[in-house]
């Protein structure tokens, strides 16, 4: 089941750089694992913003919630979730 | 070059049903052609809304503009465009 | 899987009363059927507004979309969808 | 009498973790007590957000106010209250 | 139990003047009856707007809903409802 | 001359409790004095919010400004002012 | 007593030109009379908009309400009212 | 050439009182100088807010920018600028 | 003196096509004349919208107002005006 | 390919002045280099705001993203990006 998720990352100006770097590295690894598993289906950067647009493929709302709450950068993110479903015009088998 | 485009379709309550059906069929065909060409990369429905989220792959802003303005349902749509770029965390070769 | 759905009904002032009454009766029957099936789990009126707050229990986003698009009053509604999941503090077995 | 209440929890990044954990435990206990009493009728998590949607059953506006102001996490919450009433389409006896 | 209700009246420019005058007279009578009964506790005009701010004293949310939905001008109003409760600083016995 | 005033009180999480308690006591006394004088005509709490809805009866805009700016909790308040006038439907002599 | 009033004029595209011209002439005359009387103190156009910013000097909220509701173009206006008072920095005697 | 400027002053709760008092005195002097020069044409307080509405008469956009950026309280202000022009209904020679 | 002007064109679905085509041709000619005169300095389309972003170079606010109000498509436009001034970082002589 | 970019600069009141001055100087140099290269096509100040309106000419979304994220003042900016394309009414060869 697909969801569009936008993540707006807001690092406070006085955050400790070492902490942030560590969280970013951890976030990157978590993202890579979820992409390899097919759960984090797509991720794109929004040009000029510290923001991404992603597509998740999960079993249900609960799995999506657990994944997002567990992201290393979650406390620094403003997240918006949009439930998606297959469009009859799509010709791509994985746009379900 | 990728863009996220959301299209909110607003058919007036007093629109002529035959005209709308004809425009919808034409829109569906246009979408199929652009998907086959790889230009309209993805399309998903937003659950519970007459709205889609799409990803376009175009040469430049001008090509995107011409495509959107030429959609049969364009006069009935509220459109939002977001320029995207490749995210370093993506492992999918076509998320560029 | 649960979703909160708010439906804001907007009947144009010049709508044909007989048509609206027929649609309302049809909507009421559809709601009753879905409540009996356990799909439309809860419905409450918002005091002072022609608006309801509902909880749906569906298999996935696609089922929710088909149900909402098929409501007799759908063309007159502004709908908002919020994906929900079980809260660990809930003691009610059906708040999943 | 029923009210929908949404609670958006905003823990500052520099909050003392021990204090927050204590408040969360206290909040959880308070919620359990009110659920057992039938006052806090329902609670669901909003997927991907530190936010819940709840239904309260109280004697009047004053009781609702006292309960919400007394929640351990109240100083960290943005709260929205919507007065509800029974919908004639509901078939559930407790959706009053 | 008290509620603040704001009513924004929006008469379409092409409305039939005789119909509107009849509805206004009916609304005025209904307001007078509810004021005499103590239910419509206060009403003030907002300067420069076709809008009023009112205080209602009702038994519960349901009574408020039935009263507002039954107002002759309801189809022409945008209504906002705010549940109130007694403020400990009030010295007026009827500000409950 | 009447004005509706809404006051949203926002105490920072790190405010000194003793200072806030002193300001609240002072605010309560000031409110009592103005209510006794008939200037602060009504005050109600908004259910579930640290917010009140008040009605002031003042000689002019200037008097209202001086009163509001002089409130002990003013630096912690977001204030909205709405000029009111007598509604012809009111039957209460003091709703002027 | 001074108020800032902004008036946004919205003439429907299908309005009868003769009617609108008559109302505009009438509005212009009413404005001239109120300016001569010192009540409509200032009026400026907002560049690029069919909108004005005005300053009114009235006895009280009620007089302002009656004037604005009585403007010939009132049914076509969206109006915002802001109560003003003398600023201690002003050196102009009539900025009271 | 005239501009409406609104200035919303937001002094942080933890600002140093002596610094703020010094800046306010400096601001007041700057305002007096610009009023005497005819540049800061009008200033009014918005009732109940730490906000003013002003009219400036400047040679061009650049002069307005330099004046506003140079105000002692500029770092504490949220400013909105609206370009104005003479209204044909004005009878005051200085409303140009 | 420079202004940024955004024009959002909203042609009603039931507008007469011949009238609109005539107005568009007239608008195009007016734009060409103003560009040749150096007054309408720049114009760009916003990708995917019937909207343009323009830069005007005018003597004062009044000239800008007269030009915009006189555009053939003005009744169909929502216009936003932003006064600009030269940026010290610009190296282009005509960005004044 | 052209983009309109607006940059709203928000320097915290407690920022270290020396750091900010260094960043501003660095930003100014970066802007000069990009203007000389023809990438940062235009820049104007918004009158009365610490904000600029700019036009960028880049190869694609990715180049725009890298440039904006690399600006010395980026952490202090709120940025909005609008993709533009050539308007058929433009007579300037470089408005492409």
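Which chain is which? They are A, B, C, D, E, F, G, H, I and J, in the order written, and residues in each are numbered from 1.
As a working rule, a residue touches a chain if its C-beta (ideal position, glycine included) is under 8 Å from a C-beta of that chain, and two chains touch if they have at least 3 such contacts.
Computed from a predicted structure; not experimentally measured.
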For this session: For the pairs C-D and F-H, output the one whose chains share more C-beta pairs in contact.
Result: C-D
Seminar exercise, completed: Of all chains, the one whose CA centroid lies most distant from that of subunit F is B
Problem set entry | Distance from the mean Cα position of subunit C to that of subunit A, given in whole angstrom | 29
Problem set entry | For subunit D paired with subunit I, centre-to-centre distance based on mean C-alpha positions, whole Å | 51
Exercise. From the C-alpha centre of subunit C to that of subunit J, how far is it in Å?
Worked result: 46
Seminar exercise, completed: Multi-chain touching residues of subunit D, meaning two or more other chains, are 2-3, 45, 47-48, 61-62, 64-65, 81, 83-86
Exercise. Among all the chains shown, which pairs meet the touch rule set out at the top?
Worked result: A-B, A-C, A-D, A-J, B-C, B-I, B-J, C-D, C-E, D-E, D-F, E-F, E-G, F-G, F-H, G-H, G-I, H-I, H-J, I-J
Problem set entry | Contact set on subunit I toward subunit J in their complex | 2, 4, 28, 31-32, 35-36, 42-48, 52-53, 55, 82-92, 95
Problem set entry | Complex interface listing, subunit J residues touching subunit A | 5, 12, 15, 61-62, 64-65, 68-69, 75-76, 79-81
Problem set entry | subunit H - residues contacting subunit F, complex | 11, 13, 45, 47-50
Problem set entry | Contact footprint of subunit H on subunit I as seen in their complex | 1-3, 60-62, 64-65, 81, 83-86
